[in-house]
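You will see chain A twice below: alongside chain B first, and alongside chain C after that.
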Partner chain A sequence: MSAPLLNVESLCVEFGPKSAPIRVINSVNLRVDAGEAVGIVGESGSGKSITSLSILRLVPEPPSRIASGRIEFEGRDLLAMPKSQLRHMRGRDIAMIFQEPMSSLNPVMTVEAQIGEAIMLHQRLGRAERRARVIELLRLVGIPDPESRLKAYPHQFSGGMRQRVMIAIAVACNPKLLIADEPTTALDVTIQAQVLDLMKDVRRKLNTAILLISHDLGVIAEVCERVLVMYAGHVVEDADIRSLFENPQHPYTRGLLRAVPSLTDEHPRLYQIPGSVPQAGSIRQGCPFYARCDLRQDICARAMPAMSTHGARHVAACWATQSMPEVRSA
Partner chain B sequence: MARYIFVRVLDSIPTILLVLTLVFLAMRILPGDPAIAVLGENAQPETIARFREQFGLNDPLWLQYLHFLGDVFTFDFGNSLVKSAPVSTLIANNLPYTIELTIAAMLIGITFGIPMGVMAAVKRNKLPDNAFRVFSLVGYAVPDFYLGAVLLLTFSLGLGWFPINGVGTDFVSRMHHIALPALTLAMLKMAFIGRLTRTSLLEVLGRDYVRTARAKGASERRVVYRHGLRNALLPLSTGLGLSILSTLSGSVAVELVFNRPGIGRLLIEAITERDYPVIQAGVVVFALVVVIVNLLMDLVYVAVDPRIRVQ
Partner chain C sequence: MNQPIIRAENLGKTFPGGGGGLWRTAKPDVRAVDGVTFEMTRGETLAIVGESGCGKSTLGRLLLRLIEPTSGRVLIEGTDITTLSAAEMRRMRMKVQMVFQDPYGSLSPRRTIAQLIAEPLQVFGLVKGRRQMRERVAELLTQVGLPPAVMDRNPRQFSGGQRQRIGIARALSVDPSFIVADEPVSALDVSIQAQIINLMQDLQQEKQFSFLFIAHDLAVVRHIADRVAVMYLGQVMEIGPKRQIYEAPQHPYTQALLSAAPEATLNKPYRRIVLQGDVPSPTSIPTGCSFHTRCPLAQDICRTVRPGLDRVAPGQSAACHFAAPNSLGAK
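Here is the complex of A and B:
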């Protein structure tokens, strides 16, 4: 197996005081290879954003902190790195797009200044070259007549256009990994499709690996080859998209897929699983899905199930469906 | 932009008229005959009659009002009853000193207040923040006249480092004279501006676009100054306006303590001497300054915030 681009191992993130921490991310393992597109799916509050923010150490600190784990990018340990050094990787090697296009751009800076800043922070370019590059990027993300929009401010753009500008900022330095946290959730459906197409387009042109976060499995199926299912701060299943749709192992994943008959369905939506996501940190032992699971057994309440394999690249953490105890090969 | 400024200036005309009308009404309609108020209960009837004649108090109210407006727009407020000089001359002689004092105090307040607020916000709940909290409490709690007196006693009378009163002649001696009065006024400004900076910067640093800036790889310094402070300036500009206006009241105490000429002192003297035309002119000047400062702050707002500029 090739060396991973991004390798997250046993990541734990806590909130609140150190004396009484609330653990919101629990031993998350995540791997993205160069050029690969991986999705994370899960209900609201399952820890998708905190996981993705942790990679660039952007979790708000305080109140939260990365308690333990390893995050390696091209073999370099991001958690051990001084912040000053990590800063040079932000935007250059790993870039991020956020959910809220309306508030993620600085309201008092022009679009040119904001995209130009992303270039300027990592590349030595003259003013004229930088402007040419900004125009090129705006064209890449499909903003019509980019020359005339350079001096425009974010409030003069629609939500979809702002998300395009965010993507232009993110790809300004040809990052090796693009993390997109619900990039289309705030947009209406037609614009959603356009932005997803743009991301696929960018990936094809720049060969960027993508980590796409969404609560919509349909969105992920459209872009990604592999998907992680998160529940209450745990990764409960990790599989190739096709394998996940055809052979879901975790009862939670099956719940998610219940309303989704096949991959060809346009936009499979989250099936409403009875009950609600447990309060962060409320589960001290056993399986986090216990309260809502219709396959639960005695052991589920006592011990957290380990990951077991269900195919070439398919693991799930469930006592009921596990075939054999597994040692996950990295 | 030019259009907006024009509209905004036009907009302030009704405000100015309203303020002038209120001043006029306050002086004429409120109980008490101005003639008696100025000349005293025991004045001779002829004196009162002459006074009423001289100031047109026998005219119908609307005519008095028109005269009053005419006087204001020609800056003709008549003569002082006590000092043998036209009121406009008195104002013209004193206003520059108050403006000078305000500018000096604002410069000190901004130069030290903003960095203190930034430090406090960035080092939130750490030593710099706590130190600043104590400082601003003191700044708020100590009254101008008391602080002025302490500074005067210590540094002028005690140590002899600064002149005791007056304003000085050449630039260096003017600065020397203005240092302590300006510092007195600036303490409150530093506390006020610093607190405002801290609050609005903290609010702004939690915004999504600040996270975007960090994700781009911007240094913490750049995040704070380029993205944070620039946005925090929006609420700050209103606060700066308020701070300028508070100088007007502060200048009264400071000009008295340091025995400096100025509009605050002129007005206090006029009130104790019942110098009716000077009081009226002083109130009009204060009111106009309030309107003008508000207008300027609006324009600063427009310069900083593109969302207002375009509409």
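Here is the complex of A and C:
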């Protein structure tokens, strides 16, 4: 097996005072290989965004801190790295895009200046070369007639076009990993389809690995080959998309797949997972899904299950299904 | 067929652009809803789907006369509500209620759950005295799946899903015959969304109100609706029974919308058709068919002649010169 591009091991993130910490990320393992597209799916408060922010150490300290674990990028330890060196990697090796492009873009800078800034930070290019590169990037992300849009400001673009500009900034220095946190959540469905296509296109052309964070498994299935399911700060399942859809192992994943209405079949009633998502840090012992689980046993309340293997590249953290014969779900 | 509970006739709303005067150039008017006609029968669920800016929320507000239409009329159980006086309209509001998208913004944080739910009851004098009020609130809370003991708490003590239950209880309190729900589940997590959808379906089955469900999520709509209307730039592009809309959509926009919806499945139900460009601004709606700037099938006639919403199959109408089942080959 080749060395991973990104390797996160036993990551724990805590908020609040050290004397009474609230643990929001609990022993998360995450691996992304070069050129691979991996998704993280979860509901609000599952820790998916904090996990992605931790990779570039963008979680504000204080109030939060990375309590333990390792984050390695191409074998280099990001947690041990001085801030100055890390800054050098941001944008060049690992780039990030967020949900709301309007609040990530500077409203008083032209598009050319903002994309140019990203280039300038990491590459020595003359003015003319830089402009040519900006035009090339705008063309790559599908902005029509890029020469005429150089002097435009973010407010002159629609939401979908702004997200294209964000992607242009993110890929300006050919990063090896693009982290996208809910990049299409604020967009309409036809525009979402365009942006997801663009991400696939960028990946194909630049061989950029993608870590896509979303609450929508459908969005992740569009772009990624592999997905991690997070619940209450834990990774509860990690599998190839196909394997996850055909043979979900964690009761939460199964519930999630059944609770989403479908475009094609009509059921008289939707399956519902009882109860609500627990508050961060409120579960200190056992499996975080215990209270809502229909397969729960006594042991689940006492101890968090370890990951068990269900075929190649498919692991899940569940006491109940780890020893069960495979159940084929519809 | 029985009398429709609600009927919209050629309903339109144009928001004035404002500005103008001595120093400013006038902003163009926004045509948010344009010539919408449909009716709903008792106990029926009609879903309005479309992207942001298509006028679906404005339409919902027009039907309840929360805003005044610039053209057309709305009939509720045969009464034209657009000409009612303020006092008559207030009485009419007993029959029509709304559930909002944002369960955080739509409940006053300073009041208790009992006060919030009882407000419509008190306005219409449906309960007398504190005791009767609390009994009725307890009954409503039970109907929406919350323990009656929570009635003295404040909204901030509740999660998004629980708040949406409270919003539903409030709408139900006056036993309306028509409810408009504007994106009631889109702010909720997936596992909570299913709970609220099931609750709304159960309540509708029991109480038989007509239900206008405004949404952008096509999978949710397929689950909950009897009929679906697809809007684009203020106009209804296609309307019909849901099975026909999903299995044999005739308007190219409906087909593109269906094909763009991400689905958590390995076998994609529709071949992806990615529309070019953005939705035009409602301040400058294209001539002819408003969809022609993005339509893969557009011909010369589409740029000049606006197609009518014509019947294309039993119960199904589409506003397209070239309407045909799956004309884009998405299925």
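Observations on the model:
Criterion: the second predicted complex is superposed on the first by the 309 of 330 C-alpha atoms of A that agree within 3 Å, B and C clash if a C-alpha of one lies under 4 Å from a C-alpha of the other, contacts with A are read in each partner's own complex, and residues count from 1 in each chain.
Simple rule for what comes next: a residue touches a chain if its C-beta (ideal position, glycine included) is under 8 Å from a C-beta of that chain, and two chains touch if they have at least 3 such contacts.
Keep in mind the model is a prediction, meaning the values are calculated, not measured.
In the overlay built on the shared chain, the residue A:Q285 is in contact with neither chain B nor chain C.
Of the two partner chains placed by superposition, only chain C is touched by A:E43; chain B is not. In the superposition on chain A, A:M89 contacts chain B only, with no contact to chain C.
If you count the residues of chain A touched by chain B and by chain C, you find the higher number for C.
Once chain A of one complex is fitted onto chain A of the other, the partner contacts of A:D197 are limited to chain C, with no touch recorded for chain B. Touch criterion met: A:E117 reaches chain B, while chain C stays clear of it.
Shared interface residues of chain A (contacting chain B in one complex, chain C in the other): none. Listed in rising order, the residues of chain B touching chain A in the complex are 206-209, 211-219, 227, 230-231, 234, 304-307, 310.
Put simply, chain C touches chain A in their complex at residues 51-52, 159, 161-162, 189-195, 197-198, 201, 216, 218-220, 222-224, 246, 256-266, 269-270, 272, 274-275, 278-279.
Across the interface of their complex, chain B is touched by residues 56, 58, 60, 87-92, 95-96, 98, 100, 103-110, 117-118, 121-122, 153, 155-156, 166, 169 of chain A. Chain A meets chain C in the complex at residues 43-44, 158, 160-161, 188-194, 196-197, 215-219, 221-222, 241-242, 245-246, 255-257, 259-264, 266-267, 269-273, 276-277.
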